[in-house]
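Both of the next two complexes hold chain A, though its partner changes from chain B to chain C.
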Partner chain A sequence: MIKHLKILEFAISSLWRRKFKNLGIIFVFSLIIFVLSSILLLTYSFKKEAIAVLEGAPELIVQRISAGRHALMPVEYMKKVEKIPGVGAVIPRLWGYYYDISTGGNYTVMAEYSGLKDLVNIMEGGFTGEKGTCIIGKGISDARFAGIGSIIPIIGADGKVRKLKTAGIFTDESRIITNDLIIVTPDDFRDIFNLPDNMVTDIVVQVYNPTEVDNVARKIKKILPDTRPITKNEILRTYDTLFDWRSGMVLTMFLGAILAFIILAWDKATGLSAEERHEIGILKAIGWETSDVMELKFWEGLVISSLSFLTGLIGGYVHIFFFGASVFSPALKGWSVIFPEFHLMPYINPYQIVVLLFMTVIPYMAATIVPSWKAAITDPDVVMRG
Partner chain B sequence: MEAIIRIEKASKCINRGRPNEIWPVKDVSLQILRGEVVVLKGPSGSGKTSLLSLIGCMSRPTEGRILIHGRDVAKLPERFLTDIRRRLFGFIFQQFNLIQGITVRENIMLPLYPTERSFRDMKDRAEELMESLGIIERQHFRVKGLSGGEQQRVAIARALINDPEVVLADEPTAHLDTKLSKDLIEILRKLKGEGKTIVIATHDPLVYEQDIIDRIIEMRDGRIR
Partner chain C sequence: MKYRVFISIIMIEIIVISGLFITAAGMVEKRQKEIEAKKKIVRVLRLTDLSIWTEARYTRHPSQADWFAPFQDYPSSIEHFPAGSILYPSALSEVERDQK
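What follows is the complex of A and B.
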């Protein structure tokens, strides 16, 4: 026991003795872990968020498409959909985007509808259904320092200001979905956006049998050719492939970093300096066993790689969750369509971290130990003659 | 007197079968008795260092046998050789072979790191040796800056830390002036007085003409005469 502690102590003192070289290795090693872990944390959190958003989403939504763009839908469409066998309720939705000049934020404005009731338990205050009131997301409440009873001024399509009174605020738990959301009454919604009474934004279609969803979607498309039915499964699949850590771009970046790592390990493996070889010879000659020398090298490798791994991992975490992946942002421009602003929640997949650990620490340890082992098994007098 | 070490027809070959094949030690037989001070004498390249490393189990003979306390060690696994080296021998190398970047005290304690001896124990023993060799004030210095004589004493202290039966010294006066060489002889005399067996490889008359030397073995071209 004491023996191992003493060897560990000597390992640390040896590392310190070559501090510039070792700090260089730690720097490069951490940098690679930083890049790799950033990629993993980012994609995984993206995926988690996307899935969390979709979890509460309806199974089937139908939008009208006009000239290839999402268009308002006449209420008559609802009747036609209702007639399809297997369809339960058809719920109209009213929603849109609102740019708030005073805070510079882009809000999602949504009229209250029955499906929203599920969110009641994740807010303070509550739906009153009264005209002139609204529920706001945490992001809006923070940006405006608004509490319950605060007035939110909204400029309507006619240029006039409506003063909405805050009746409820969504809590933090639902932040992914509700951060920039404002819920108003349907009447207020039509008033603000000057929407005709016979038009809705889209419809939510409830299907009795979940396995029938795709079928129903196909039928809707047939009856109403200018619509686009969107099923939840379809979106989930798209997100899955988009954010899968084995996919396209992620894989490319990942391989790049792994390659850099292999170069580092290779350099280390081939670069056992004459001084280090000589030292191994001395240790052997004064009575250290091969296994003792290996233990020394093992500790050295472990200290370096665990230090680097932790630094890189913590760096990656801070980078992604505190600095919004700023280093990657040029490469991630396209994704900002899905998340206009980074409000990433820290999600960590332990499995991925373990994989990363095995893919870096183990090869590095091997790269340190193997050449030392080769030096240590030769007769000490040969090693010392150089 | 009992023979601690017996060498029987040992030869050492380097680069066997290749054009640069050499035999630094050729067909050597000798024995070393307990408490004896023996000198291996010969010109440079005659194989003194090579024979000394065979004696000290630092390398294996290509042919022949090495018997330590009557047991043939030439074929033993590496682990046993290390163990014998650690328990039986203390080496003072031609080039000192100290680790430059660490302190005097660490260098001296180094052989005891992979043992169960407590740090305190190691430290006490190291201090005792540094005291007797007059380098105690240097204990926290890095080896790098020390003079040749001081480095040699560090090497001696390191060789003695495991309290070996046999001390092997390779050209111990090579880097020393006359005064320091005489000091060294006094250290060896003291070790002899403590009952240690000593084997010295040297071609320095100042060493092999001393009264403490019991026997001189002359070497030439890897053979003894």
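What follows is the complex of A and C.
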């Protein structure tokens, strides 16, 4: 045991002799782990939260498709769907988008019939369903500096301005689902967008037996060929794959970090510096065994990689869960004007952390040991002469 | 005794990470109410998507977008919304494959 500790002591002293180089390696290595762990933590917690929250999504939604685009649906379609065995209530949805010239942001406008009174604990103010009032998301409230009682002017399809009074604001915690929402009454919705009474945006279909949802979807498609049924499972699967580390830009960042790591490891693996070879030669000449030299290099690799891994991982965690992925935010935001601040749930997948450990620490240690082993098995005289 | 300093630093880092991970597990438990509240909003408003990228229809409502949505403006139009490069396309379900 004492021998191992002595070799560790020697390894650290040896690293400290070249402290600027080694501290530089630790810094770069930590940065790579920081980026990789941030990506893994961010995508995983996004995914877990999306799936947990969207468990409440409708079992089946039916859109009408016209010329390959989502189109308004005539209310007669609802009657046809209602007749399908196993179908419960068929509820129309009224929703659309509104581009606000003053902020440059896109809002999602939705009409709500009932049930909002149950949500009083997740919004400031309330919603009485009175015409000319609305509930807004925190993103809109921030963009327009609007509070309870503020007026939100909306330009209707006829070019006239409707002044909606803010009756409620969704709380900060619900930003990830309500940030850009404006909830209005169905009458106001039809008035703003000049929507005929016999049209709805799409419909929600309640199915009595959840195992029958796919069958009902197929029947709807058969009866109404110009529709597209979307099941809850499809929504959940969309979000399961949406925040994937393989997606475009995330993959680019991920590959960039991996490439940087490969260069770092490659630099180590392709050879030792003359000074390091000289050191190995001297150690061999004064009686060190090859196994001792290998152990020395093992400790050197472990000191650098373990310090870097742990520092990078702590940094990644703090970045994602304490600072809301602030480093990635400008890239993630894209052109969105209304973009939520992230208060992500700290969901962690231990499997991903272990994979990251094996993908970085082990290759780095191997890259440190292999060239040293080559030098250590060579005659000390040859090694020292170079 | 430099190795003592090294072992101390490693131990401190392991304790910090363990602390963060244990707190995270507790936090997930504690904030379960928050998730339930969000789920309730989704249920009451019949929402289908998270409000993250508001720059285009298919980034605001990825689950409601059509399959060729990134090229929706005109035939062979290229993807031009930055968020479109972050989203990963979903795999088609059996029902969707039938529809296609």
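Remarks
The working rule: the second predicted complex is superposed on the first by the 201 of 386 C-alpha atoms of A that agree within 3 Å, B and C clash if a C-alpha of one lies under 4 Å from a C-alpha of the other, contacts with A are read in each partner's own complex, and residues count from 1 in each chain.
Operating definition for what follows: a contact is a pair of C-beta atoms (placed from the backbone, for glycine too) under 8 Å apart; a residue touches a chain by one contact, two chains touch by 3 or more.
From a predicted model like this one, the values you see are computed outputs, not experimental measurements.
By the touch criterion defined above, A:Gln63 lies against chain C but remains apart from chain B after alignment on the C-alpha atoms of chain A. When the two complexes are overlaid on their common chain A, residue A:Gly139 makes contact with chain C while staying clear of chain B.
Touch criterion met: A:Lys221 reaches chain C, while chain B stays clear of it.
In the superposition on chain A, A:Ile12 makes contact with chain C only, while chain B stays out of contact range. In the superposition on chain A, the chain among chain B and chain C reaching more residues of chain A is C. Once the two complexes are overlaid on the shared chain, A:Met110 sits against chain C while remaining clear of chain B.
Of the two partner chains placed by superposition, only chain B is touched by A:Asp292; chain C is not. In the superposition on chain A, contact is made by A:Asp381 with chain B only, not with chain C. Of the two partner chains, neither chain B nor chain C is touched by A:Ala367.
In the superposition on chain A, the residues of chain A contacting both chain B and chain C are 13. Here chain A touches chain C in the complex through residues 5, 8-9, 12-13, 16, 49-50, 52-58, 61, 63, 65, 68-70, 91, 93, 97, 105-108, 110, 112, 115-116, 118-119, 121-122, 137, 139, 170, 173-181, 183, 202, 204, 214, 217-218, 221, 228-231, 233-235, 237-244, 246-250, 303, 306-307, 310-311, 313-314, 317, 321, 331-332, 334-340, 345-348, going by the rule given at the top. In the complex of the two chains, the chain C residues touching chain A come out as 1-3, 5-6, 9-10, 13-14, 16-17, 20-21, 23-25, 27-28, 31, 34-35, 37-55, 57, 59-60, 62-64, 66, 68, 72, 81-91, 93-96, 98-99. By the touch criterion stated above, chain A contacts chain B in their complex at residues 1-3, 6-7, 10, 13, 17-18, 278-279, 281-292, 295, 377, 379-382, 384. Put simply, chain B touches chain A in their complex at residues 49-50, 53, 58-60, 78-79, 82-83, 85-86, 91, 93, 95, 97-99, 101-102, 106, 110-111, 113-119, 158, 162.
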